[in-house]
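Note that chain A is present in both complexes that follow, paired respectively with chain B and with chain C.
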Partner chain A sequence: MARKIVDLITSLKLTIVCLAAGMALILAGTLAQVHLGIHEAQQRYFQSWLVWWPAEGNGFRIPIFPGGHLIGAILLINLIAAHAKRFRWTWRKLGIHLTHAGLIIMLAGGLFTDLFAVESHMRLSRGDTRNYSEDQRHMELAVIDTTDNDLDQVTGIPESVLKTNRTINHWSLPFRIVVRNFYQNASLKISNEGSLRPIANQGPGAMIAVQPLAPTTAQDERDVPAAAIEILPKDGGSLGTWLVSDALGAPQTLSCGGRTWMLAMRTARYYKPYSVTLQKFTHEKYAGTEIPKNFASKVTLIDPERNVSRDVLIYMNHPLRYRGETFYQAGFQQDDSATILQVVHNPSFLAPYVACVIVAAGLLVQFGFHLVGFARQKRIVVT
Partner chain B sequence: MRRILFCLTSVALLAACNKNSEIKVYRVSKAPLEETGPEQQTAMPANAPSPSMPGGMGPVATNPSVPVPANWQPQPLSQMRQASFLVKGDNGAVADISFVSLGASAGNVLENVNRWLSQIGQPAIDDPRLNQMAQRLTTSIGEVTIVDLAGLPNGADPAKDGRIIAGMTSSNGSTLFFKIRGNATLTESQKGDFIKWVAAVCNAQGGNKSPQIASTMPSAENSLNPQIKWQMPPGWNEVPPSAMRYASFSAGVNDNKVDISVVTFPGEGGNDADNVNRWRQQISLPPMSPAAVASQIAPLKTDDTTFSTVDIVGANARTLAAWARRDGHVWFFKATGPGAAVEKEKPNFVKFVQSIRF
Partner chain C sequence: MKRFIPLIVLLVMAGWIAGNWMPPKIAPNEFDLSKFGRIPVLVGGRVKPLDTVARNSLLIIHGKQELRLEDGRNLSAIQWLADVLFNASVADQYPVFLVQNDEVLGLFGWEQSQRKYFSFAEFSPFLKQIEEQGDQADKLEAVQRSAYQSAILNLRNGLVLYQRLKNSVQLEGTQNFAAELQAYEANLPGAAKAAVQAQRGESFDHSKLNDVAELIQKYEKVSEMAYALAVPPAKGSTDWHSVGDSLLHSVATGEIPPIVADYAQIGDAFRAGNHAAFDQHVDAAANWFATEQPGAVKRASFEFLFNRLQPFTQSMALYVLAFLLACASWLGWTRTLNRTAFYLLLLALAIHSFGLFSRMWLQERPPVTNLYSSAIFIGWGAVIVSLILERIFRDGIGAACAGAIGFVTLIIAHHLAGSGDTLEMLQAVLDTNIWLATHVVAITTGYSAMFLAGMLAIIYIVRGVFTSSLKKETANSLARMTYGVVCFATLFSFVGTVLGGIWADQSWGRFWGWDPKENGAVLIVLWCAIILHARWGGFIRQRGLMMMAVFGNIVTSFSWFGVNMLGVGLHSYGFMQKAFPWLLGFMISQLALITIASLPLEHWKSFRTSRISSGEELPDASTA
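After this line comes the complex of A and B, so read on.
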């Protein structure tokens, strides 16, 4: 039995099946972008272990196809296992070994990137300073203890936790959060008698009705999640039900355990030990046209820990790399009043470069051996 | 076999990773960053741990760059209100003024106008009607849509209700609501100050560009807008027009003061029955049927045109109104005040209307 499993894992047939499944998945995922948008299609087809039908809901769901993670992982296992089983060191097989090593690094790098890379954005108007970037695709419920005069303690609860957990009981909070309702996308309306009723009874949410909306699929739009959460102090009682949504605008304040807390649903933030200030944003166009020629952001980077204070020019293909993060010039506000920098933290960003070099070296060695061997044979025949 | 098991275990561990599903706890400084730019001085510190109001909105009640009329009494701010005032008039009349900022998904203008209409017991309207009645105030953060709604819900106290003047705009991912609601006459008297305040609040958020009324609003200085001429009767004083008015005058003093206004809008400016009923409600009179309104309207012929006029007498106030439609605009001339004072000024008002030259 074990031998059969090993034979299956190391078989070339499995490689072919995975590659074929990968091609089918890419076709299906690409077509799905028409209706789902690129982000949702990526999530459902490529950044998942299984493709489900129906895609969402709490009812009966069945997996209909392996997702990108599963196909990639099986390919990686298959490649490593086959190599481990058949590995025999000879100089003549150096090219094959190098090529396989390069492919393994590339696949592993892809998986690592998908699992560990974080993409976010930093929007800066001229003169703005930020020490955090924001992920526009993911929201968080920030529960902030504002009691201290100098420091705020922030408990960031991701949207995915709100969506899946009915009760959130965290050590940093003196209360439990019970999620009464969660809406992936919603619009808020000031409640009228006889129409939609509020789902909260505390704060401004007590005057606001929530209209659920279908998740947006447009690339330039994002969902506006909303939730009704009940605050239950751990020593008993209830502080009522609160509506949280970034459409509310301002954070809400409550008191519990002798401390002051603020609730805010907002885009997920990634704080940094340094700050970036926009000094100037340049948007050059070709003379007499509206065709963009160059976008550039002149920023000042200040890192008190490392005693760094320097000006940096970020423009197309010339990102700022600092402390494992890369700042790309990604966009700008329509009236050029603000720049938008894409901030990428990818611990395995070198993997594709290293993999390509190793694969190229392996192919050169392999074909080199064949070429030399062929040339020798020809010389012998001629002689 | 061991090597293969190692591979499977490694991949399974990787699969367990999910970067977006962990609750994070961190501490952030409340102090502003050193390099905060001059444009951000009114906003919250850039490293503030809590989200600033969209567009840098903060409580405006105490913002010194936003002048507030002396008779507006600041009220405690609720979590929803960024500014709150109460203004008091005669005979217990009050009006409540508020500024609320919500996020981007706070409904469109029509939905909110219909919500306000339902608050004063009025039926909902549609987009064409909204376009007729809405006016736009240009500020440095964009255009504010202003609506003026009248109506008294069943059982409501006319001293505290009967009129809503509201403004709404979207800026930097937030929706801003400005509203004054209260006694019809008092709200009318505060209209100019209210609109100036709306412009000041918006301009304080978006820079210091001076407010201007959009091209749909008349301005005596704007040569693109229609111009009219008149002769001011003796005893009248011209006062600075509010943002909504083409011109303003006052006659009389103290309790016998009459407010005379000249207002113009592009288009038809609504039908006569709606307008007359709005003026009736402003002085706490019930609405009339269109036929009854038509019977009250009298023509006033001048050398230039023929005006429609109406004389509305309420228990405590009286309104004289004349209006005419010329060259795609409607012009309203209105005198409102205590009954006896309006009666005294009626000949002057008629002379004033007769002197109008388009």
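After this line comes the complex of A and C, so read on.
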């Protein structure tokens, strides 16, 4: 039995089945992008262990196909196991060993990236300075103690916590936060008689009705979450219920325990020990056309910890790499008034570079052997 | 005698092409536009000769690079453009606009008939309606448009282009442009003085201001409309300007750029039918350009020549002929026909290469920058590898592949050229020669190899099933070639795909984004890996290899074209709905070939007699 299992996981048939399954999955995932958008299709097909049908909902669901992670993992195990079992060092096999070693690095690096890479954005108007980047796909509830004049204390509660935890009790806050309602995507309207009733009784939210919406799949839109939260001071009582959503412009203020707090639902922030200031954004077009020729952001990078203060030009194919993060020119506001930099933290970004070189060398050696053999054989045939 | 046949055929074909390359004869009553067509202008961000502007515009509006008039006369693109620029009322009557959609015709109350081409004059009462309808269609994504909406949008865009073209060097309808400019230049100082006086509130001469004001209005219109920027940058600047722009600028300088005056003279001479004056002023303009913009003139002249030589059309003809000869060689006269095909292929490749490198020089880019150039390059790569195979095996198979793939890819390129300039400027993110030269070239070389492997397999299947010419040695060498080419494809597809990832890491900060084009590339790599592993594991033999190689054609065509039709992602350049039926047809034909190949071997004509199972023929996998 154990032998059979070993045979199975080291078999070439399993490799071929995995590769074929990978092709089918990629084809299905690519076609699905037409309706789902790249991000959603990627989540369902490639960055998942199983592909489910129906794709969403809490009801009856069955897995219909292995997802990208599962196929990748099996391939990785198959590759490593087969080599562990059959590995014999000969020069003739050098190419094969190199190729597969490179592939192992590439697959492992891909998995690592999927798990640990963080992508966020930094949107800067001219003259703006930021020491954080924002995650467009995740929101947070920021509870900010603004009592001190020169220092704000920010407590960020991630969207995932709001979604699942009914009561949030954090040491930094003198009150508990109870989530009364949470909507993944919603639109806000001024509440009229007879229509939807407000779900909050404090602040502007007391006059606003919340219309729940289905999560969006369009590539250029994002969900606008909304929640009703009740503030319960730790020494008893209730301050009332607030509506929080990033569709509400300004943050809302409340007082508790002699201190002033602000509440805001906003995109999740990643703070950095340095700051970036936009000096200038340029958007060049080819003369007489609308074809973009170049986008460039001139920024000033200031890092007091490392005594860095310098100007950097970020433009097409020329990102800024700094302290493990990479800043790319990703977009701009329609009227060219602001630049959007993509900020990526990917600890395994070197893996594909290394893997590519190793695999290419391996394939060259392997096919080089074939070619030599081929030419030799041909010569025999000819003579 | 037989020995000389290949050489004679080669010389005949070379002579035929040389004949095609002779400059066209000019009838005594026609203008010589060859110098005029070389004058450089800036359109679409690129400096190009007027001849190119004429060809591309006519291609967009008319679907062809030549215009046949109702009286049976043929107009070349540059002849048409000269009329459009200088004699718009005549050009308005030419049947240039291609409209085939019956709903569009119905919009004007016209019934569909034999006539496909319509003149600007016929549309002029409906311009407002066309614009409204076109704007509605423009708001939709290309995928969502109905046939009517695509057609009306095309018509609108064509009409806009045509009207802008008409007003590129003068306001349409202007008769004595040179005289008008002289008056303008003469009146400018007086008008400037009057304007200053008016501003200060002093008394001034109204008539002096009025003379110029009317013209300024005219030139503002020309400046708004202009399609081509005809005035090269002044010293110390890099910006080209339209004639209208520079005439407005003259208010400040008090001077009219000499090239604008030349254009005016050329136009007046053209309208007057004065050949001598026309030639004289074209010469003056050409000489002025040669001293002011020697670089632009060099490129524009070369591009003019390139346009006339049409290298890809010439090599297309040679490829077909070579393919037929190579196939015929399997029936008899083997050596002679083989050699003839080989010689013709060398000539075709030389011309094909000339075209490819000329484009690279003109654009100052690596060979592949858009879908059009990818077709040219895929054909070129496949032909070279095929010819190497032909040199090794000398059995006509490489020659047949070269002919077939060369021809088909150039036909595809020809049909991809309909959207205008194939040397268009690159989007900002693609503006990097290093990655274009490595990633894109490796990927397209991978496509070449995949198609070549597929073609070899098709030859195996067709010869094996339908003829008795597939001998054991031929079958074995076909299998070896296919296997070798698949290895080659694996290497290039893999390296190309990973380089693409590295480029993405450099540009967007992520190695892999599951963009459709990336997925298409990885599909090819996976398919190659499956073929190789199936072969090494002994799961497939000769016939299985062939069937899988044919399926590789489907995978590659999906990756090359199919993903672009999805309209998603960063690589969705060159959306082409029109190609969809062709792609589908191609895929179905490949599936049909695979089905045919799965016929039991006793139904294969070649194997029926020899009764050799394909398994026994298989050369030892490790030595292949």
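By definition in this document, the second predicted complex is superposed on the first by the 304 of 383 C-alpha atoms of A that agree within 3 Å, B and C clash if a C-alpha of one lies under 4 Å from a C-alpha of the other, contacts with A are read in each partner's own complex, and residues count from 1 in each chain.
Simple rule for what comes next: a contact is a pair of C-beta atoms (placed from the backbone, for glycine too) under 8 Å apart; a residue touches a chain by one contact, two chains touch by 3 or more.
Small disclaimer: the values here were computed from a predicted structure and weren't measured.
Chemist: For A:His370, select first, second, both or neither according to whether it touches chain B, chain C, the two together, or no partner.
Modeler: The second partner, chain C, only.
Chemist: Which of the two partners, first being chain B and second being chain C, lies in contact with A:Asn169: first, second, both, or neither?
Modeler: In the superposition, A:Asn169 contacts neither chain B nor chain C.
Chemist: Between chain B (first) and chain C (second), which does A:Gly156 come into contact with in this model arrangement: first, second, both, or neither?
Modeler: After superposing on A, A:Gly156 lies in contact with chain B but is clear of chain C.
Chemist: Looking at A:Ser275 after the superposition, I want to know if it touches chain B, chain C, both of them or none. Which is it: first, second, both, neither?
Modeler: First partner only.
Chemist: Looking at A:Leu248 after the superposition, I want to know if it touches chain B, chain C, both of them or none. Which is it: first, second, both, neither?
Modeler: In the superposition, A:Leu248 contacts chain B only.
Chemist: Taking the touch rule as given, give the residues of chain C at its contact with chain A in the complex, in rising order.
Modeler: Listed in rising order, the residues of chain C that touch chain A are 42-46, 229, 239-240, 392-393, 424-425, 427-429, 431-432, 435, 473, 480, 484, 487-488, 490-491, 494-495, 498-499, 501-503, 505-516, 519-520, 522-523, 526-527, 529-530, 533-534, 536-537, 539, 563, 566-569, 623-624.
Chemist: For the complex, which residues does chain A have touching chain C?
Modeler: Contact set of chain A toward chain C: 12-13, 15-16, 19-20, 22-23, 26-27, 29-31, 33-34, 37-38, 41-42, 46, 106, 110, 113, 117, 119, 219, 284-289, 291-295, 316-317, 319, 326, 328, 330, 342-344, 346, 349, 352-353, 355-356, 359-360, 363-364, 366-367, 370-371, 373-375, 377-378, 381.
Chemist: Name, in rising order, each residue of chain B that touches chain A in their complex.
Modeler: 1, 3-4, 7-8, 11, 14-15, 17-31, 33-40, 46-47, 49-51, 53-54, 57, 78-80, 82, 101-107, 111-112, 115, 118-119, 174-175
Chemist: Touching chain B in the complex: which residues of chain A?
Modeler: Residues 2, 6, 9-10, 49, 69, 73, 76-77, 80-81, 84-85, 111-112, 115-116, 118, 125-132, 138, 142, 144, 146, 149-161, 168, 170, 172, 186-190, 192-193, 203-204, 207, 224, 245-253, 262, 264, 266, 268, 271, 275, 277-278, 300, 302.
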